[in-house]
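Before anything else, here is the set of structures, which you'll find just below.
Here chain A shows up in two complexes: once beside chain B, once beside chain C.
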Partner chain A sequence: MGAQSRLIPYHLPLRFFVAAALFHVAAWLLLTVGHADIAGYAGGPGIVLASLHALTLGALAMTAMGAAYQLLNVATGITTGLAMGRFDVASISSWLYIPGTVLLVAGMADGNNTAMLLGGGLVVSGLIAFAVIIGNIFYRTVALKATMRHGWAALVCMVFLAVAGLVLIVDFELGFLGTSALPERADLAFSHAILGGFGFMGLLVLGFSYILIPMFALSPAPNERQSGLSLSLILCGLALAVPAALAGNKLALLLAAAIGLAGVAVHLMIMRKVLREGMKKRLGMSFVMVRSGWIALPLSIGIGGLAAVAPETFNLPPLFIFILIFGWLLTFLTGILQRILPFLTSMHAHKLGQRAPRLSEMGDQGITLKMHAVCHGGALLLVSAGIVGDVDALILIGGLTGSLGAAAFLWFTIGVGKLVVGFYAKDKRAQHP
Partner chain B sequence: MVIRWQQTDGMHLDLRGMYPPEPMIEILREIDCGAAGPIIVHMDRDPILLYPELEDRGWSAQHHPGGVPSEMAPHAKQAPVILVLKPEPNSD
Partner chain C sequence: MMDYSRAICRTLHEDHMATVRVLEKLETALIKVGRKSPPAPQDPDLSRLLRDVAAVMQSEITGHFAFEEDHLFPLVEEMGETGMLAILRDEHATIRPLAQRITETIRASHANGFTPDEWAGFYDLGLELAERETFHIQKEEMGFLPLLDQILEPEDDGALSITFAETR
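After this line comes the complex of A and B, so read on.
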């Protein structure tokens, strides 16, 4: 099977990537608007919840979906082309997921339950379509075991995550949580965060790392037994953390954090070996972001463990969520996305027999990615300091700085996207002069 | 395991049975070690992520026109993807 038949239409991953870049800006802007409520945030609808979900669903999961559609069929040799009648399931997932996320985030910002329910339903439907596509690839793939195992575990977490999310939305209206044997709302929200940050998104990211990091560093595939050990430890940590969060058991949460840290330590050692053995040593700005994300990953688990035992100290619960979502996942994914997007463009240029600019010259990287990295790093420090010190002004300045960085990243994404659109326009002109 | 042999049309590398990114690493290692080209690679799948790396090194890839006659390969079964890799004429 040739490249042409395995490359999915460029507009499919691109629509996810552009949407992710827009939600990335929206998330920082919402955080800026809601700066006064961040440090003391204890749950509930409003701007803070909208910012959080603009980032998790809008930027992070959106990027993961686009990247999975683009890369899995290339890496495994199995096509993503599942169809329902005239429409392919990947397109259907985008039609459900992207507007669903817009509606859900808007509903959260406005406190509108109907919008949240409708948006949540569309988001979950889009995720189910996504799960069907990548589950089909996982099922048919015999190689890349580390990625496939992480992928299956991520999909299982996604089911629990979606159920918990929908229950939380319904509870805004009905307020049944905390009655009879049901968990408290705050406890379910905490387990929802663990399932989303470390379970669904975390496992997808760690799993894809076993393909992408060796690919970018040009290094042999990592040892599958070691990646299996890392995954086993992380799953043990998750299996302990989720029920412990639901039951409000602090000791079990601390133990889960320690087990999770051990699993992450194994993963990071594997990644260090991959980079050390890689043919490519100069990996550019993207790996500054990737490495920074790797620092934030164990930090987020450590802060999470501390937040469980001493929630009143230094506003640790909101700090935990911020470092987990904005620090680890966002930093890492923007690092990866700045490599995947130029690859997308280059692959399609090759398919059309056209010459693409060098990867390092796409999307005004000299300005956009440097500006993003500086602003993103600054924003992480400012907002973290603002949360710890309870200084709203620092969170405000951090939010504005993060918004500027996200706007630079959007500029990069659109710049690279315009290139691939241009290739197809040129091809069309050549065919129909 | 990489199987290599020399033919009149260039150096052949049989990279079948390897999973990403190993075939790509073998090819780039060959180029980085100073291969003059052409290199004909026999693979299970089209190495899409390889092309930008080749471009960065001033090499180009073309699908072998009509495939390679099976007697040229040491294995009876012909590879699904056969690429001819050459340095670009104007590259350093």
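After this line comes the complex of A and C, so read on.
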């Protein structure tokens, strides 16, 4: 099948991308509202937890779902269009996941256990539908081995992540963690963060990088043996980190961080080679974000390792979560999304036989993406400094700056989305004058 | 992108590399000079670059595009891959007039250089051409050439390589 016939209906990835852009704004706004509780955050429901999950589930996993449905279809030629009766499973996943995330985040902000439980149930159901679709593609494809291996590992982490998340929600009501042989609540929450940030989302992002980075840079496919080494080291690190976090074993956590760092170092060396050998050297604003994300990735592991051994120093635990989620994953994904959205829009225009605008002219990029990059970078520095120095005012200013950047990114997303909607409206008018 | 086993795919890939390389240089030069005022007349480096751009783009639209459309697209079309080819043909149709215009503008500038208005138009045209051509090459490298590499028989590969050499 050709790339054009592999395009899935435009509204499916678009609904995930627009929802992600909205949650991105919500996450920064919630961080701003909860600024006084960030530096000393030690768990529990409220605005800080809501901000964190607006970003992880609302922006990051939402983007990954929309991108995975479209990219895997194009890259493997295997359709994401699994049907359940009259309904497409990918659509079902969006109907469960998007309102589920809204409910869960609202429940966390409000401390409402029923809303959290119901929202969490919907989110997990949506993720199961997602896992069924992409698991089916992973099972049927023989190509893209590096991406598929990372994908399988990410799905395994997703199962543990979902179970830990639901247990943590139930524990808000029943408070059973820490009794008999069960782990302490804080330890389970820490392992949940590791499974989400480095396991599920981290592995998906690293795996898709083996398709996307060579595609944008016009570079040869990376060496599979090296990507296998990177994955093996990262999985060893994760396999050690999760039980170590549950048991509160500091030494094992430090060792896991060192192994994880080695795996990430191999991954980053592969990516460096891809860019060096790529035909395309001028990669624009999106790769400023991608490269910044790559700097934050090893930094987050290093800070995570230090947070395990010296949690009282410089508010390292909340700094670790902030650098992992807002620094590494959000920075990288907004960099990739700003390339994917215009790329897909252009493909849909060609599919309809309409003249596609230039990629760089879509979504007022001259304003929106520059503004996002500047505000995002400033917000990362301000909030990090605020957490380390315990200065709430810096976190407040950082949160506002991040919100402004996220609003600019939403403006870009809606601008590009309006273009593709316009192409189809024009096509419909032409067919039914 | 992959390592191609067929000679014609490797040749087309090398063509792509040469085109991207010269268009990257063009983008860099345009941004360095800026849109507002034209470059100094008879700038030797820029003159050489513009001559390269004109030569590469002329070869691209008369040799490379035409060869793909006449000899390669029909092979892929026989497999029912009409969707991908519709995109690639549409992009050729978009890029051709841009490449023609930039070649003519460069030739005209040899004698008298650029007026500020001509330079502004050339600046916009150059950036648009670089972006559209690179995006087109990305698609050919990711979808078209890997597929062609799979379906071509060795004897067809040799004949196509000879035909391509003759068209240039």
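We take it that the second predicted complex is superposed on the first by the 429 of 433 C-alpha atoms of A that agree within 3 Å, B and C clash if a C-alpha of one lies under 4 Å from a C-alpha of the other, contacts with A are read in each partner's own complex, and residues count from 1 in each chain.
Please note the rule applied: a contact is a pair of C-beta atoms (placed from the backbone, for glycine too) under 8 Å apart; a residue touches a chain by one contact, two chains touch by 3 or more.
Because the structure is predicted, anything quoted here is derived from the model rather than measured.
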| item | value |
| --- | --- |
| Simultaneous placement of chain C and chain B on chain A, clash or fit | clash |
| Chain B versus chain C as contact partner of A:L299, first or second or both or neither | neither |
| Which superposed partner A:G353 touches (first chain B, second chain C, both, neither) | second |
| First, second, both or neither for A:L144, with chain B first and chain C second | first |
| Which of chain B and chain C A:R282 touches, first, second, both or neither | second |
| Contacts of A:A106 with chain B and chain C, given as first, second, both or neither | neither |
| Which of chain B and chain C A:V388 touches, first, second, both or neither | neither |
| Touched partner set for A:L218, first chain B, second chain C, both or neither | both |
| Footprint overlap on chain A, where chain B in one structure and chain C in the other make contact | 1-3, 6, 214-215, 218-221, 279, 343, 346-347, 350, 356, 358-359 |
| Residues of chain C defined as touching chain A within the complex | 1-3, 16-17, 20-21, 24, 27-28, 81-87, 90-91, 94, 127-128, 131-132, 134-135, 137-139, 141-143 |
| Residues of chain A that touch chain C when the two form their complex | 1-6, 214-216, 218-221, 279-282, 343, 346-347, 350-351, 353, 355-356, 358-360 |
| Partner chain B, residues of chain A touching it in the complex | 1-3, 6-7, 74-75, 77, 143-144, 211, 214-215, 218-221, 279, 342-343, 346-347, 350, 356, 358-359 |
| Of chain B, residues touching chain A in the complex | 19-22, 24-25, 28-29, 32, 44-46, 48-49, 51-53, 55-56, 63, 80-81 |
